[in-house]
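Order as written gives the chain letters A, B, C, D, E and F; numbering starts at 1 within each chain.
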Amino acid sequence: MTHGNAPATSPPRSTLAVTAHAGDFVWRAGGAIALAASRGEKVTIACLTFGERGESAKAWREGKKLEEIKAIRREEAERAAAALGAEVRFFDAGDYPLLVTPELTDRLVAVYRDVQPDIVLTHPADDPYNGDHPAAHRMALEARILAQAIGYPGEGDIIGAPPVFCFEPHQPEMSGFRPEVLLDITDVWETKREAMECLAAQRHLWDYYTDLAVRRGVQLKRNAGPNLGLPHQTLAEAYMRPYPQIAKELA
Amino acid sequence: MTHGNAPATSPPRSTLAVTAHAGDFVWRAGGAIALAASRGEKVTIACLTFGERGESAKAWREGKKLEEIKAIRREEAERAAAALGAEVRFFDAGDYPLLVTPELTDRLVAVYRDVQPDIVLTHPADDPYNGDHPAAHRMALEARILAQAIGYPGEGDIIGAPPVFCFEPHQPEMSGFRPEVLLDITDVWETKREAMECLAAQRHLWDYYTDLAVRRGVQLKRNAGPNLGLPHQTLAEAYMRPYPQIAKELA
Amino acid sequence: MTHGNAPATSPPRSTLAVTAHAGDFVWRAGGAIALAASRGEKVTIACLTFGERGESAKAWREGKKLEEIKAIRREEAERAAAALGAEVRFFDAGDYPLLVTPELTDRLVAVYRDVQPDIVLTHPADDPYNGDHPAAHRMALEARILAQAIGYPGEGDIIGAPPVFCFEPHQPEMSGFRPEVLLDITDVWETKREAMECLAAQRHLWDYYTDLAVRRGVQLKRNAGPNLGLPHQTLAEAYMRPYPQIAKELA
Amino acid sequence: MTHGNAPATSPPRSTLAVTAHAGDFVWRAGGAIALAASRGEKVTIACLTFGERGESAKAWREGKKLEEIKAIRREEAERAAAALGAEVRFFDAGDYPLLVTPELTDRLVAVYRDVQPDIVLTHPADDPYNGDHPAAHRMALEARILAQAIGYPGEGDIIGAPPVFCFEPHQPEMSGFRPEVLLDITDVWETKREAMECLAAQRHLWDYYTDLAVRRGVQLKRNAGPNLGLPHQTLAEAYMRPYPQIAKELA
Amino acid sequence: MTHGNAPATSPPRSTLAVTAHAGDFVWRAGGAIALAASRGEKVTIACLTFGERGESAKAWREGKKLEEIKAIRREEAERAAAALGAEVRFFDAGDYPLLVTPELTDRLVAVYRDVQPDIVLTHPADDPYNGDHPAAHRMALEARILAQAIGYPGEGDIIGAPPVFCFEPHQPEMSGFRPEVLLDITDVWETKREAMECLAAQRHLWDYYTDLAVRRGVQLKRNAGPNLGLPHQTLAEAYMRPYPQIAKELA
Amino acid sequence: MTHGNAPATSPPRSTLAVTAHAGDFVWRAGGAIALAASRGEKVTIACLTFGERGESAKAWREGKKLEEIKAIRREEAERAAAALGAEVRFFDAGDYPLLVTPELTDRLVAVYRDVQPDIVLTHPADDPYNGDHPAAHRMALEARILAQAIGYPGEGDIIGAPPVFCFEPHQPEMSGFRPEVLLDITDVWETKREAMECLAAQRHLWDYYTDLAVRRGVQLKRNAGPNLGLPHQTLAEAYMRPYPQIAKELA
């Protein structure tokens, strides 16, 4: 149990995922999102770009145009979000490179104040293979701080200090990623797989991220001991925490 | 909620604290111990030495002898453990220096298999001001691994892979200590203070560790946001996790 | 003794503190500033913002307006600087977020060349709770390098390579802060306390930073040995050095 | 000026260098030793081995025997120490490998209590090219802590907490060595060179360590600015500090 | 091309793998070993223990005795080594825990001098899940240094400074493992799989390490660019280098 | 041998060096460039600024004007490039500070696509003494990623993922520089020295970088063993690799 538990009359818990490209929330955090939705919570995805330049190689090779590609990626992401039970908001900020700007950060502050997140999901700080991911990380973290300040202008109420979870990058060992939280997503695995299959443009990643979930599941069991009655096939996602965990009990 | 929750008929949860000197479990983890005891759980302290040479300067200055000092420290520690609701087992392995040996590690394996811990508390890996603390850390972690192996000889059943929490050293910034878990100990603060006051030989630390609890409490609130209904004066202890957290929910 | 000692006819030594918000120089470096002033040296504070948005929550809650808040913070900071014996220059660059720009950096270069510092004080490189602090750090360090180059345009003489000291952030362990220098501020403690009490808007920090000074003083004594004739109650401030110390003697 | 300054009637300041092999104190700390001696201070070198196996390749190739080699290295080291103005004590603990043992550590404790050092010099923590150096480091640091404890048995008075300076290893970048103190040894350079030339068995290192002194001197000037009146040719040694500097003034 | 290339009349190149347990050389370095053997080179495996206590859980659960288990593991390892084209030497030093001793290190020195390795393979420095692996690493690296010293006693010629490659641990992200070399093992994959299938006691790892080879192969291609004519399915092993690469060409 | 070897009919291998100032490619990578040119390969230097403000102190002191200084530095760099056998392209982006901008990064993308590098050379990530170097590093790495994306607009074919080598900064230990590759430049040393001597404005660095080459050569031999038939005087340059090495053989 954590401090975050709210009395029965409060609004449902709220999760905000800030991601660089249209597919990121599915591959990297689809399980966490589906779990939250399955508990009746609200999940909002702030999708900063469509990944139209940097993560749509297949479409470009087929000769598609920029706007066409953006439309395809948008439609895929919307279907994947629906499958997971989440709402996705597109910022269309332009990828490759995604630029860190005060204006885009300010738009994120507005989202924070609107959705009042209890939990924030975003990219980790480093990724030597894709500069857009660290850019999204920096803006997600800066906007979270600004949104807490009563002196920062804008609509809506200030927020608290919601815990942040950074999801796994594509090449974790090269990105300084150490699994600090292993989340059991076995119960929602079918939902995550369904959402992945909405992303037809990146079909080669379906099995890749299935294998990753199996591997993180094995690791979860190795770190949990043999006695927990976990199912034979446990699936998991890994996260880092940039801020300390608040606990009422060590567990 | 975590995987660790057991069915109603299982034995109470078990915590094992492995510490170098007689006072360590009080100053550094007294709150966690008192919390566990207050939930009806079992807490066992494996106290490797009495701190008779390295942490009893006052007694030596008063001209006391080695055995006398050990008896005083033992008695103080037993009273403090009783105040917290825990059992303390003394290894009398000799401090300053506490040596890492296979024999002492083997004695720890036997304790692990006896108490079957769900949670392990111990010193962090580094402390440039006291070599006994890292020595205790290394043996606590190695014994935990050995106790998991069916092929390692000895009495008792093998154990699972209980999570480990490293408590705060005296000079945290010099010891690479980063608070990864902030544990709210407000509800058991009076008990911890009472246990600290059992340690008459180190009276100068009573207020020092009270101030630390206040400061970690301020930090807890700063990381939790204004909305949690925390009491004005929150007190806390800080821990590091050398192994990943296993979770069914991000919080 | 260090290389920095100057012949009797040279101008007094000069300290430059580059800080993000109006209160920073008091909480974090008030002792060092008061010590320098007490030796008859010149201290200049380059205060990049008033902390009007990010560190004036109480005033915003009371319904004050932006310009009003800036005026209050300015007045408080001027009184605190006077108490310490320093001159403060306000840049009014806007906080939350403080943006790193070539223009603001250039204004800092001009200050460096004007005050010709023998010592530079500023924020450390990291602070996950406040992005303005690292922004000030980056500009302080970059301007120091630019001001050394004869080819960089602007008024005034180029500077040498003054040593830099990074003062302590609010959550040191979370910011990678390791005390590398412990400065004995016992002799000027009353002055620092007086300066803190000029900052009425942040009354809750008065005792917090008093406790920190006590704690750093305890640490100073622990690292200095029992033989130095230090007073029972020693108070201290902690600093990091991003550049090597230049010494004529190891001590 | 530092806390270490003693009243006129106290004994001269004392430096203790703990080194693995017979030549180490010359190459790596000869300047610091000569400086201290030139100020009338006492310098004691605890030389744990003669480097008879690991650093005497030339003698082995010439067919010399173990005892013969030890005698040569001892004689060279004694002459070098005399040149620097220091006393050297040989432990003959056996090199390649130098083993970390409680017995050898205990002998070091006795030296600490005997010489009552104000300053400690030793190897840094890491050296992937020579395991004896980290072994000496670990024992030097552990003995320093044990010697502070009144409860640790043995002759002599307990010591304070003298600052420690780790001198430069042969391959600094591969050993995690970062120059934290650059010591100006220009005034005693001729003495250091003379001491190096006492080490005939390692003639190829004379110029190597001369070049290093030049390079560290250039770095000293680069970190000190153009205004200090340093001589054209400044020579320096580099050190790391595992413990914080205690200061009465930032400089 | 590297410096290691030898003239036509020299003996074949020699690889030495130092491993903690009987299966390690197969899972972690089977590809590198098979590649070397396929080039007609000599490969020697120094297998410090049979993994009889720590990695034979299945056999213990089936009620087998210690000597029986050691015999099984030995026989499996010999068949796997034969499949790869390597010779395995058993040290039977006892696992769980594998102790770092001067005697065992000395036995390794003798192997180094006997096989005169051009390449060394061993475990990386850290593994929080298995203390035997770091113990093997430390002895492998220390023996390599000792074997270079003409003054270290024993049979055989001294060795040069062969490059060291640390193979991948079971939980790479938790062990600080960063892939620094990705070795293409596609051509010998069938051989590695055959060797893995010799290890009947750890059948659950066959597919695990096949998946790992696929994943490292994907990573190899991602770091190599699309233009290299790599096969669709590339398989790879990952290694770290504790010492710098020596090169005649950047590639 | 590496994957990079191309069939006989392909174009010569191509090296791209991205540097901040006019002299950088000579001091830090002149050997690698001369080696590549000596093999008949193409080398292109993208020189972002002339170093007109930050690295031309002598000219400024002599009263020269900005455009004059730029002309001098250009002419020197062109002669040095010619001596090495490389082509240099000047961006004239303005130094001290060199600003990271999308426009300059885009110009670098165009160069990447034009020269289709097999190898990239650039500054390392950190340099606390010169902010232009890290700025060049960041743009070099980001442009390399953008140039790989078919969706990124511009002329020319997309590139693969060429390996990156970061050359040595002026103060390596202060910049986190660890030699990961030691390149033997003995065969082209005369050429590098000749190129250095084209840089009359920085005459004081000629010997400095000669000494560095000697020292890195000594280190190369220490890491290569005595058996390689290296010449008595080996000269070398050091590099870091931000991405893993791709290998067909461990060596």
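The rule is short, and it goes like this: a residue touches a chain if its C-beta (ideal position, glycine included) is under 8 Å from a C-beta of that chain, and two chains touch if they have at least 3 such contacts.
Quick caveat: nothing in here was measured; it's all calculated off a predicted structure.
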item: Chains in simultaneous contact with subunit A and subunit C; value: B, F
item: Subunit F and subunit A - chains in contact with each; value: C, E
item: Pair with more cross-chain C-beta pairs in contact, given C-D and D-F; value: C-D
item: Option reproducing the contacts of A-C, where over half of them reappear, out of A-F, C-D or A-B; value: A-F
item: Angle of the C-alpha superposing rotation, subunit D to subunit E, to the nearest 5 degrees; value: 120
item: Fraction-based call for subunit D against subunit B, same above half, different below; value: different
item: Separation of subunit A from subunit E, taking each centre as the mean of its C-alpha atoms, in whole Å; value: 38
item: Whole-Å gap separating subunit A and subunit D, where each centre is the average of the chain's CA atoms; value: 53
item: Two or more partner chains touched - positions in subunit A; value: 129, 174, 179, 219, 222, 238, 243-244
item: Complete list of chain pairs which touch one another; value: A-B, A-C, A-E, A-F, B-C, B-D, B-E, C-D, C-F, D-E, D-F, E-F
item: Residues of subunit E that touch subunit A when the two form their complex; value: 129, 171-174, 177-179, 208, 211, 215, 218-219, 222, 238
item: Subunit E to subunit B touching residues, read off their complex; value: 52-54, 56-57, 60-61, 66, 69, 96-97, 99, 128-131, 174
item: Subunit B partner contacts - residues on subunit D that touch it in the complex; value: 102, 105, 141-142, 145-146, 149-153, 242-244
item: Interfacial residue positions of subunit A with respect to subunit B in the complex; value: 1-4, 15, 32, 35-36, 39, 119, 121, 148, 159-163, 165, 179-184, 219-220, 222-228, 230, 238-239, 241, 243-251
